[in-house]
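Letters A, B, C and D name the chains as they come in the text, with residue numbers starting at 1 for each one.
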Amino acid sequence: MTVDYAALLQTIAAEVATLAPEGAVAEYIPALARVVPDQFGMAVATVDGVVHRAGTADVPFSIQSISKLFALALALRREGEALWRRVGREPSGTPFNSLVLLERERGIPRNPFVNAGALVVTDVLCRRFLQPERAVLEFVHGLLGRSGVGIDAEVARSERRHSDRNAAIAHFMRSFGNLHGEVGAVLDAYCAHCAIAMSCAELAEAALFLAADGCQPGGTRILEAADVRRLNALMLTCGAYDAAGDFAFRIGLPTKTGVGGGILAIVPGRMSICAWSPRLDANGNSIAAAAALERFAAMAGVSIFG
Amino acid sequence: MTVDYAALLQTIAAEVATLAPEGAVAEYIPALARVVPDQFGMAVATVDGVVHRAGTADVPFSIQSISKLFALALALRREGEALWRRVGREPSGTPFNSLVLLERERGIPRNPFVNAGALVVTDVLCRRFLQPERAVLEFVHGLLGRSGVGIDAEVARSERRHSDRNAAIAHFMRSFGNLHGEVGAVLDAYCAHCAIAMSCAELAEAALFLAADGCQPGGTRILEAADVRRLNALMLTCGAYDAAGDFAFRIGLPTKTGVGGGILAIVPGRMSICAWSPRLDANGNSIAAAAALERFAAMAGVSIFG
Amino acid sequence: MTVDYAALLQTIAAEVATLAPEGAVAEYIPALARVVPDQFGMAVATVDGVVHRAGTADVPFSIQSISKLFALALALRREGEALWRRVGREPSGTPFNSLVLLERERGIPRNPFVNAGALVVTDVLCRRFLQPERAVLEFVHGLLGRSGVGIDAEVARSERRHSDRNAAIAHFMRSFGNLHGEVGAVLDAYCAHCAIAMSCAELAEAALFLAADGCQPGGTRILEAADVRRLNALMLTCGAYDAAGDFAFRIGLPTKTGVGGGILAIVPGRMSICAWSPRLDANGNSIAAAAALERFAAMAGVSIFG
Amino acid sequence: MTVDYAALLQTIAAEVATLAPEGAVAEYIPALARVVPDQFGMAVATVDGVVHRAGTADVPFSIQSISKLFALALALRREGEALWRRVGREPSGTPFNSLVLLERERGIPRNPFVNAGALVVTDVLCRRFLQPERAVLEFVHGLLGRSGVGIDAEVARSERRHSDRNAAIAHFMRSFGNLHGEVGAVLDAYCAHCAIAMSCAELAEAALFLAADGCQPGGTRILEAADVRRLNALMLTCGAYDAAGDFAFRIGLPTKTGVGGGILAIVPGRMSICAWSPRLDANGNSIAAAAALERFAAMAGVSIFG
């Protein structure tokens, strides 16, 4: 099946424009609450390096939890298999910031995409790099083959000032011996890499190695093919907070969502896709971006489930 | 990539034969505890209708929870979308027979593959069919294009006599209004369809529609393609009890496991696979069958994740 | 301090009459939902055998969970210390019918007053008596020194028809080996003894042994003094469902409540008190009866806490 | 009944000396782990101001959680009823440092004696006093009518260095808006007042107001009689961590325990008692001190339950 992705993106953007606005932007920190709610952008990067765009595909937004994916890839490069002794790979069945399972499982987070898991990943980066948030940023620059992406310092500061829940999670894991650095330093790095601002087009390009057996278009190997399969599996089972099952059911692709309204999706062997729109559902996932990806997967016939 | 599946199965069977025996057979009911532990069988059915075999691929075993898949497909055919008002589609993060989430979520099971969800599915079948277990059996006969598969009455009786945990779950859901039939009748049907005995080859053949957009090799449509994608997504996120994430990570295919030691896996668009060996790990999944599927997916390059 | 209990009861009844009606009668079974809501009765029985009354103190009502106290006393007489191997003595921190802790604690109920614990107690009675509910009734007759108290058969039947939640709890404990009889028989007995109908005056008289070191006024020893102290301790820590702490805080006496609207309270060494009014708060405890007991304890200066 | 308390204490001390040593001293912080394990002291202070002693009744030990009682009394004096909007009065059914219920109940601790509750109480003191730990200490001096009690600075520092679990709880409540101060300052104050060192005799004397309707022997009113009844009720239902029910059952008195091995008990209207011995059971309560109090309550006939 040959699909005209450019045309398909326009169709979807037009459909999304007709949806009644639902949901609200993330308001737990002032800096995020100021975003204009009714924006929509989408970009598709194919493994041959072509990028298609629709809507505000080049407007940077706060990538938030999508940065967990880059942080994880970077930590895996440095730490290898040893990382999996400190973090699990199972869906959690509870909200992203719950402490209940963490108590039952004695400080080992269920997976690297719940906040607890991402904090352990960040703790690893704090051990490996003097400036862990710069390391994530430079890793992203390497993926893009160019610099220019930055951290929104105001978002980072605002997030850090409202980080009691994550501080609770970090101290809790530290009490079980599963956080080695100082909690304050880990939170600084975490809030900073979550405050990276990127556009849909940049995110789709940066994540292409996940669609291409671990290599970026120029041929640089980022991760082994086996590790990339595992990351895609984790995105599928755990990438959309407590809606991962529903996303697999509706979209049928590995995804990673962020409360900034972005959703990144991978079609293994073929392309990476990013959609963005700030209004969120109760799980913290973008309503319009999820709808756009569901539509895209159905119309392009790219579900990994048949 | 052309793969000689017959040769690959022989290689894997030879490898599995060298593994030290680990784990124990299911012992919670006497009838299951009597199985000879060190058997191994495997079968691959490709969408063009060819079946490859290794080991005891034609020996029938108790399919147990794999029957939840056939029961669900049958219920979906009859009930359609309405089914999803009574059962969710999220991984549970808790063991297959836990009541904790069921209490928090007021009687709506997390997904159709935890026991609670399969009991709701069976309740639907009890409403739709006078003899619900026969309906499941005949559905399987239809999938195979021949009769000959049966229910092991001794296993069914033994299971029914040890069904207090499932009775607890059923009464619990009934107290929330999410079980409509009599608990005893639902348990009778549930224990009976879990006691269906099939071989690896039969299971692989019967499940081919899941690899073929909803049609059996002869062309009969069993489910819509969209529903099949959803079933595969559910198998991936919820099919291996509380090890679904690990299975996705290691094997990279939709699977459904049973405490009889069978594991069914789907390669969308290409084939269905069944491996069987009775010794189980702590999650209730067959150790050797999982290892065989992991090996097969890696060597045949059929992971859905790249 | 000499207190004119008769006058005090009249004062309290007059005060209660001025309260705005709040809360609703128990409606989970039709037979209970038919009670006239705005009744209030109260009785005090002192250890010298005098009974004081106010309001509808002689109108029988469904004692519901208050029967757990009589069932427990009877089971303790027969089973002795061995009973405490099957049921704990800690407050639960969860609603009376929760299964969460029961799962964590592998089928051992937290205390004999949550439903799970009372079902274990009833299971003991089923082993010891051919007609366990008659045994409870005859035990009450013995305490009163006269017959005349009966089981409301309609309430018992109605309760039995709506007993899915308790059936879930019973099967759940049976799956852990902590229920030995048939679930149906245990539920029959449980629903029957909960459907005993008694008046405030009868309840206060029947419970006098708990205020008198284990002996009824005539001198008959019912339980050892040490066991009575323990029952009072259990009533204080666990007798008012998930509001036990609040009751201890407000009333300062061992109590046992029932969804029929009755509350029994013990003043060790001095008296037993029963108040009744059908409207319940969110915890299932009578609002007016609790207010009356709080007032009584304060005005009579009988708190065990100083 | 006249009891020779002095003789009774000697009898009990002699009995305790024959017990096989069981349990271990608290080892979670080095400063506590160094205590000599096989010490036993006990003191009884009667409301007429007489103090009886046995064993090492005048050796100071780390009072640990017993300080929660003094902190609570002081906070109640300053904050009054408003305190109960921020902390509940129900037993928790979970270990003293669990976060599970705190998540379910959105940051409102179950009672003031679980760590979460004591942190809220300390937060109140941080708002009311420039040096909250000194305020607790001076409150204790006031109760004793003399200074001389101090904070063990090494224990306080050691505790503060190992306070990740409490930091998690504090940040967690702060994320729900139920902690107003800076977490670091609240933990400083909390670790300091828990590190107060007192002897059995001093503790029994300091707590006499709880046995005497709120007044110390000299006649100074510390709290209203109604508030004292409430404190005693809280001690009974929540004072011994997750063993409160068992303590009520065995000892029958309001108690407050600490991991330093001390247990304080109140006989309303008559006396306060303190026993101390460092070896702890799995709940963190002193084995020998609990046995001594059980024996004392039985032999002196002072249970509040009859």
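Keep in mind that, in the parts below, a residue touches a chain if its C-beta (ideal position, glycine included) is under 8 Å from a C-beta of that chain, and two chains touch if they have at least 3 such contacts.
All of these numbers come straight from a predicted model, not from anything done at the bench.
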Sorted by label, the chains bordering both chain C and chain D are none
Measuring from the mean C-alpha position of chain A to the mean C-alpha position of chain C, what distance in angstrom results? 55
Can you work out the whole-Å distance between the CA centroids of chain A and chain B? 32
Centroid distance [mean C-alpha coordinates] between chain D and chain A, Å: 48
Hunt down the residues of chain C that sit against at least two other chains at once, touch-wise. none
Touching pairs among all chains present in the structure: A-B, A-D, B-C, C-D
Touching chain C in the complex, chain B uses residues 98-100, 103, 164-165, 167-172, 174-175, 183
Over in the complex, which chain A residues touch chain B? Could you list them? 88-94, 101, 110-111, 210-211, 213, 225-226, 228-230, 232-234, 236-238, 242-246, 248-249, 252, 254, 268-269, 298, 303-306
